[in-house]
Amino acid sequence: MRRLVTALLLFAAVGAAGAQTPPPGVTLTVFAASDLAFAFYEIVPRFEKALGVKVSLVLGSSGNFARQIEHGAPADVFFSADEQFVDRLVERGFAIRESRALYAQGRIVLATPRVAGRKLRDVRQLLDPRVRHVAIANPLHAPYGRAAEEALRRVGVWETVKGKLVYAENIRQALQYVQTGSVDAGLVALSIARVPEIDWVAIEPTLYGPLNQAAGVVRASQRPELALAFIQFVNGPEGRPIMKRYGFQLPGEF
Amino acid sequence: MDLFPLWLSLGVSLTATALTLLLGVPMAWVLARKRFPGRNFLEALVVLPLVLPPTVLGYYLLLLLGRRGPVGAALAALGAEIAFTWRAAVVAAVVGSIALLIKAAQAGFESVDRQLEQAARTLGRSEWGVFWSVTLPLAWRAVLAGTILAFCRAMGEFGITLMLAGSIPGRTQTLPLAIYDHVQANQMREANALALIAVGVVALLVFGLSRFARVRF
Amino acid sequence: MARNMITVAVVKRLPGFTLDIAWSAEEPVAVLFGPSGAGKTLTLQCLAGLIRPEAGRIVVDGRVFFDAALGINLPPPRRRIGYVFQGYALFPHLTVTGNVAFGLRDRPRAERLDRTREVIERLGLRGIEERYPRELSGGQRQRVALGRALAIDPALLLLDEPLSALDRPLRESLRDELRRILDDWQRAVVVVTHDFAEAYRLGDRVIVYDAGRVVQSAPRSELLWQPASESVARIMGIRNVLRGTVVKATSDRIQVRWRGLTLEAVNSPTRSYLPPPDAPIAFFIRPEYVRLIRKDRGAPDPVHHMNLMTGVVVSDVDFGTTWTLRIRLDEPGEPAQGAFDLEVEVPRLVYEILEIDRDRHWQLSIHRGSIHVLPA
């Protein structure tokens, strides 16, 4: 029995040793909203090459990120899908006010899975009884979800379509539902909609409040200049074309 | 392919399981054998992590262990950090899995005939001695089962880890988080590969342990 | 034989049951006897220190184990008690040797081995030392349990229903063997049993328990002939416990009116018991002391035959070596014990010679010394 305990403690020690992080060079930690995935997959390597640094890209939910940053998450810069998360961090002193910058305006689109065969062109078509499940990001905590709800209300179909809604964790998950054909349609972000499995059609921007997406440098960052450089890179001549290609409206254009 | 998540998860899970045993076995024994005020409360507390949504749990832990939290701030003053490090992944794994060990071990201890423990007392053993020489040897199978469960749960721990440790690649991105991120990014090949490795490694470990248990009848 | 003194007085309250007992024993083997649930095992547990009484005092061989007033409560390891549990509580994960040696852990290795070997030898366990409890017979398990308790050289040995887990023939042969072992070891012993024959065979002093109290504490023979009360007699399983009315009582005789008859019994020799006339009185008649009067020998003889009565056998049961008859008296009125008045036990030989299966009507005689009055 004593041997077993010793073995256990040995395991723990080995485990602890093995879990140590690898020695870093200069690494910039970027917390980015999920809808920036495809765009940043292109932008980040370019930035790395241009400045000779490593970037640790962490994708996830803006709401979660904001909370984590308040509690000491080791992010250097935060790209939020909703400007209010960044603004709140600035207000509470967790992000540097001067670094706060709009980097894009998001758009939502109506997406249908190609396998469904029938492409929907108008939000009003969601009323069709053959459309049984519609995916959106959860309006409670996802800005794209809020925008989707707003659009549905403005068009006047919310009351009926409400019962068909499938709430996804975030915009990526909503996209997955559509991609896999698990739902008949979905309202997803334009920036991630360019995948072969779906067809999409734009939703009139006047139907929902602007999805201003802002970024900010985290106050606790050890390398704020590098963080700011990244924001500027995204908003600069290298980053803008890529963002545009993925369907983001750029600062200056909205 | 980057296998860092695998090594991280293995290390985290082994550490977490060791901690779980150290904390969980005594708790299981206390719950099995002792009557005291607040006992029901303790039992409810033990299973709470199984009931609460992981992200919520992670959030509460973050409130406690983050830089602004009471415990986190104290530790930060001493130069130690928990949140957003691999240590947070260990904490998350322990919180998520300890209930499994405690319940299994508790059932095992309760099934040991009290008369045997009384006999050991009359034959000169202290309470501690009774535990080591009678209770544990007779309940070891239940404890082993609980340990296997706890280890598997630790290997699969997701929601709490995501909140408390973040999914920072190369630092706190454990195997389950890596699989999830790949799936989210539509990188199914990588996701499937990692999932297969995860299942394979755990199956091997569990198989080995079960063989060990059977050989010792 | 060394003089061992146990003095016990404890009060323990449990939901629905209160134990409030006091007794002391100087004899080597004291037996706690009584029906199940009377508090005998609870007393053992208090003696062993496994349960803490609310009040009282326990002294064994001059050592104070427990004293509520002084706040003394020795934990079990300090009391040096050998406890043989009902069901034996052998450690299933240890061999016979492992079980026997369990209490010897804090002794030097050589001494431990010697002692274990000695115990195994004395209890006839050689040859099965490496077996596990599940591979042993009931009798072997009992001996292992005994050996384990005796190995630590205890000051006090406690046996809880040592024979009840065994089947009948084994029980009787082991009963004798157990007594032999107890004599051999010369320890203070407390045995718990609900079987009177066992209590009588194993014990020197019998302490009778009923519903959490001690109703009689006496050397065994005194208990046999003078149960302290009707309830004690019932606990002992004595048959023919009857009730009547006093006609007249003197220091050596008591006349009792019962079922229309006037019986004459001897008064209790150890106490002056003089109930007034018309007082209710209980008494018992041992079934084996009721004589059936042979019909071929002429009229009954008053010197040998007394307390005459007649009755008819209403049922009989064959117990192999004896027959138990149930007889209803010819007297008018309701029979004393349901459908019959007296139980009578006759040896098989007598049953056959008298042809009781055919001839059901008999005259009975009971010697006055065979009617035992019970104090109220």
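For reference, chains read A, B and C in written order, and residue numbers begin at 1 within each chain.
Assume a contact is a pair of C-beta atoms (placed from the backbone, for glycine too) under 8 Å apart; a residue touches a chain by one contact, two chains touch by 3 or more.
Fair warning: this is a prediction, and the values are worked out from it, not measured in the lab.
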Exercise. Computing the C-alpha centre of each chain, which chain sits at the greatest distance from subunit C?
Worked result: A
Exercise. Which chain's mean C-alpha position is nearest the mean C-alpha position of the whole protein set?
Worked result: B
Problem set entry | Length of the line joining the C-alpha centres of subunit A and subunit B, rounded to whole Å | 32
Exercise. Centre to centre, by mean C-alpha position, how many angstrom separate subunit A and subunit C?
Worked result: 85
For this session: Report the inter-chain centroid distance for subunit B and subunit C in whole angstrom, where each centroid is the mean of the CA atoms.
Result: 56
Exercise. Listing for subunit C: what residues touch at least two other chains?
Worked result: none
Seminar exercise, completed: Flagged in subunit B as touching 2+ other chains are 137
Problem set entry | In the complex, subunit B residues that touch subunit A | 4, 7-8, 10-15, 17-19, 21, 55, 59, 62-63, 66-69, 72, 81, 83-86, 89-90, 132, 136-137, 162-163, 166-171, 181, 183-186
Problem set entry | Residues on subunit B engaged by subunit C in the complex (per definition of touch) | 113, 115-116, 118-126, 133-134, 137-138
Problem set entry | Residue ranges of subunit A in contact with subunit B within the complex | 1, 8-9, 11-12, 14-22, 27, 29, 34, 37, 41, 56-60, 64, 67-68, 70-74, 172-173, 176, 179, 195
Exercise. Taking the complex as given, what residues does subunit C use to touch subunit B?
Worked result: 45, 48-50, 75-77, 79, 81-83, 85, 87, 89, 91-93, 102-103, 105-106, 148-149, 152
